[in-house]
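What follows is a pair of complexes built around subunit A, which joins subunit B in one and subunit C in the other.
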Partner chain A sequence: MSEQTITKKVRVINELGLHTRPATLIVKLLQECKSEVTFTCKKETINARSILNILMLAAQKNALVTITVKGVDAHETMERLVESFESRFGEDLTNV
Partner chain B sequence: MYLVKELFHEHGELLDLKLVAGEAGIVNRIHVPEVQRPGLSLAGYLKNHAKKRILVFGKVEIEYLRHLTDAQRVSRLNAILTDKTPAVIVARRYRPPTELFQLCQERDIPLFRAKMTTMNLMSKLTLLLTDEFSPSISCHGSLVEVFGVGVLIQGDSSVGKSEAALGLIERGHRLISDDLVKVRLREGGYLEGFGAELSRHHMEVRGIGIINVANLYGAVCVREKKSLDIVVKLEVWDDSHFYDRVGIEEKTVTILGVEIPHHLLPVKPGRDVVLLLETIALNHRLKKMGYHSAKEFNTKLLSAIARKGKIRP
Partner chain C sequence: MSKKNEIHLQGYPICPGIAIGRPFYFTVAEENIPEFSVPDDQIEKEVDRYYSALKSSRMDLLSLQQRLQKEGGNEAAAILGSHLEIMRDPFMTVQMEEAIRQKGKNTEYVFKTAIGEYEQKFRKITDVFFRERLKDFQDISRRIIGHLRKHERCTLAELTYRSIVFAHELSPSDTAEANTDVIEAFVTRSGAETSHVAIMARAKGIPFVSNVDFPSLSISAPPQVIVDGRSGEVIINPTEETLALFKEEGNKFKIHVKGLKQSGSLEAETVDGYKTRLSANIEMFNELDTLHQYGGEGVGLFRSEYLFLARDVFPSEEEQFLVYRSIVEKVGDHPSVIRTFDIGGDKLGNFHMSRYEKNPYLGCRAIRLMLKERTVFKTQIRAILRASAFGEVGILFPMISGVLELREAKAIVEEAKQELLEKGVPFARNISIGCMIEVPSAAITCDILAKECDFLSIGTNDLVQYSLAVDRGNPAMSYLYTPAHPSIVRMIKMVVDEGNLAEKPVSVCGEIAADPRYTPLLLGLGVHDLSVSSPSLPVVKNVIRRISIIEARKLAEHVLTLSTAIEVEEVLEEAYRKLQADT
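And now, the complex of A and B:
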């Protein structure tokens, strides 16, 4: 399988933004993936495999994050990432 | 893109700026890191007038405007204030002429008053703007000051960058930033690394979590920014790769157009990475002082060979 690069823009829809728990979730998810993943938010590009990097973005609710995935399992990785963003990282609205 | 608003909020206090008119224009873009005293343009010579620069009015400009008639004042000011003028600053606590005040208000050009003398204001402003406009990039890695040398530790994920940095801190060296280092090209052609404000002095160590180095080891173990002097790439030991054994050849890596010495450091159990990093830093200092260990050895060797050659016949 050849290497692919895909880019997609997603919006942070959970109430608290990209705080520690979602960041941990993303890093955990990426541990099983082989691709290189970067997030770009407010002109800042970071390595999505690092918790501190994700936290540094301090992305709030409704912030736009550009995900770039490069590697052999790019499509699958992107799908899983988008899904976790869209599912509010499992954040229950009633708990917020 | 740098806005007048950012300049005002970040450096307004330092420059002692007071916004007096044209508040709506605070979102104007500053196109170039340059400031200009309108002198000749104000006298009517508009050829090559720098439209994009921030205008600074000093004693001469204000006195000159006073000496003009009302109609002249309006027409001259009208000519130099364009839609590209980011802002106007009146130095030395001068009260801006009414016409300047009105024109700035009409055209949404922020008008500031400053207490500083004109030259002082201009030099400070130029320095600040040059800094803000200097090219910068983000590098993945940890920046640590080792014996006064700024060492950027790079390498693949989980090769032990943070652990190496932590080991260095424990030995009294200083952390600038872990994981993500912002590098800026400074005037004078050197690079300066610093961390993002939020994650500054924080580290993530597998199995422990996020730690605050400044709190754990004290303020002596951290630094806000440091020149970037060497790049060391940690790599898992690869038997098929031939690592540098002599060190005569100096490898470099180019960051923002500046060549920085680069070392590839293989890691395997039993190799004390912290000690090796300290040695690289010390050796770098020695080289800077004019002593190149590998080259010195080579010279000695060559002269020994030459001596032998002479004895033989």
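And now, the complex of A and C:
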């Protein structure tokens, strides 16, 4: 499989935004992936493999995040990322 | 976590007042980190040091996490999981390693700088919720720095505007360094009524509640907290209504205190003309400014060890002299009593001495230590003597347990006098010398002590602790810690009687002196001289000016017949309530 770059815009829908716990989930998820991943939000682009970087984005609920994935498993990585965004990072709705 | 759930916590009220502010969780230190270059061949060592601190920090968190999981604290355990992940963050690992190699500086410095840069970037985030996440990061970096600098302590100097300090417990040095202008209140898990923090909080009029079981992690730090130092209530996440209510209460309290302060210029005299001397306990030099305003007649107790606590170096004779002289000059016509260092061996870097002390309260401290560390002691005595050329000064020895210690200490004063005489340095030859009565053996033999000194000063905090064999810092035992115990009342009576017989003044300077419920009792027992923290001066004076000495004597006679602390407390409470209702 060859290396490819894909980009997708996702919306943050969980109540508290990309705070510590979602950031941790993302970083853990990416530990199983080979691709380079960056997030762009409010004109700032960061390496998504760092919790501290993700936190720095201060992406609140409804913020738009551009995910860029580059690598051999780009598609799979993107899929998993989008899924975790959409599932509100497992945050129980009654628990926000 | 629910959106706006007010949480009410109950603790022990220590210092009255109402505060509304942001919580500050006090953990470990990272101030005063030195910067130095590390030669190339030592760099690997620095890198190793960093990784081992990181490893130790991870181990801490892992064991904490395990414990939390066992206790069912899954939410908290998950947060610790995030902390563990952050420690694996490139920023914390490869980037830090690279920075240490590149900068060629000591690890702590490089780490601190990197952390500082990150924090600065983070602070630019306008969203409050996200900015609060910085706390996670700070928790982690504090922990790592704590491992890098095991011997350093942390400071409260980093506080920002309107902070309410939450801590497990606060050491005297923590509080001594605190920028009290920005501290709205203290909340601690342990620490009972008479800890040094309590003393300082009272000195500065900072509301303080202890024995509060507040949530252990700072992760969900609420934006606002209310502390009511009158009732001991701490409210986390207050609703708008609660906030409004407490804002109003706070204003009322301020007006009340202001009213009391206006009595500053009045005499501390009972309605039937019994005159007392009301002086102030001082730790911080800058408290002197408020002394006159609160109506204090001189300094009844200057806790000189506070000169130490904010720093690690022993103050020179010159430095001490300048402080003591300023006190004497500022106090003006009234006397100032300077108590010699009341510290343990650790404060002098005598770790060999302190380390083996299983029970430092019964160990080598205060006068016992000073009689071993004669150079330190004599330096202080010389500084006090020199200050006595500028106004009335008394020297007070802490923790005297018998007359031999007093004699030995007096001999050193004589030596110091001789040295000054030889150099032609002026001092007051008749400087008065006093004994703290805070060890039961001293109270019981106070007639012997009174013959060989010029005044006695009852320190009730320690006297209660030693008499009732209760550690005042142990919350589980603090129910036993009460100055209302008949043994304490009798001891005060005994010391006052013996003092009067020997015509030596007796003052009371423990927290009991600052508690208005005890004021009538103390006066009734024959005490003329009370020394209290400055903000307590108006309250105590107010009571003195409203009672009659005849009533006070009757009260004391009655109290002396009671058998238990509870009965004593009830009678004092009742009398105090009546007094308040009368006005």
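Definition applied: the second predicted complex is superposed on the first by the 96 of 96 C-alpha atoms of A that agree within 3 Å, B and C clash if a C-alpha of one lies under 4 Å from a C-alpha of the other, contacts with A are read in each partner's own complex, and residues count from 1 in each chain.
By definition in this document, a contact is a pair of C-beta atoms (placed from the backbone, for glycine too) under 8 Å apart; a residue touches a chain by one contact, two chains touch by 3 or more.
Quantities reported herein were computed from a predicted structural model and do not represent experimental measurements.
Asks: Is the arrangement of subunit B and subunit C around the shared subunit A a clash or a fit after superposition?
Replies: clash
Asks: Check whether A:9 is in contact with subunit B, with subunit C, with both or with neither, and answer first, second, both or neither.
Replies: It touches nothing on subunit B or subunit C.
Asks: Where does A:28 make contact in the superposed view: on subunit B (first), on subunit C (second), on both, or on neither?
Replies: A:28 contacts subunit C only, not subunit B.
Asks: Under the stated touch criterion, name the partner, subunit B or subunit C, that contacts more residues in subunit A.
Replies: C
Asks: Should A:44 be classified as contacting the first partner (subunit B), the second (subunit C), both, or neither?
Replies: The answer is first: A:44 touches subunit B but not subunit C.
Asks: Identify the partner contact of A:56: answer first if only subunit B is touched, second if only subunit C is, both if each is, neither if none is.
Replies: Touch status of A:56: both partners.
Asks: With the two complexes superposed on chain A, say which partner A:17 touches: subunit B (first), subunit C (second), both, or neither.
Replies: Once the two structures are laid over each other on A, A:17 reaches subunit C alone.
Asks: Determine, for the stretches 135-143, 351-359, 459-467 or 477-485 of subunit C, which one clashes with subunit B when the structures are superposed.
Replies: That would be 135-143, the one stretch with clashes.
Asks: Which residues of subunit A are in contact with subunit B in one complex and with subunit C in the other?
Replies: In subunit A, positions 20, 47, 49-53, 55-56, 58 sit in both the subunit B and subunit C interfaces.
Asks: Taking the touch rule as given, give the residues of subunit B at its contact with subunit A in the complex, in rising order.
Replies: Those residues of subunit B that touch subunit A are 138, 140, 157, 178-180, 196, 198-199, 202-204, 210.
Asks: Within the complex, which stretch of subunit C touches subunit A?
Replies: Residues of subunit C touching subunit A: 1, 3, 78-79, 81-82, 85-86, 89-92, 118, 121-122, 125-127, 129-131, 133, 136-137, 219.
Asks: Which bits of subunit A are touching subunit B when the two form their complex?
Replies: So the residues of subunit A touching subunit B come out as 20, 44-47, 49-53, 55-56, 58.
Asks: How about subunit A: which of its residues touch subunit C in the complex?
Replies: Going by the criterion above, the answer is residues 16-17, 19-21, 23-24, 27-28, 47, 49-53, 55-56, 58, 60, 95-96.
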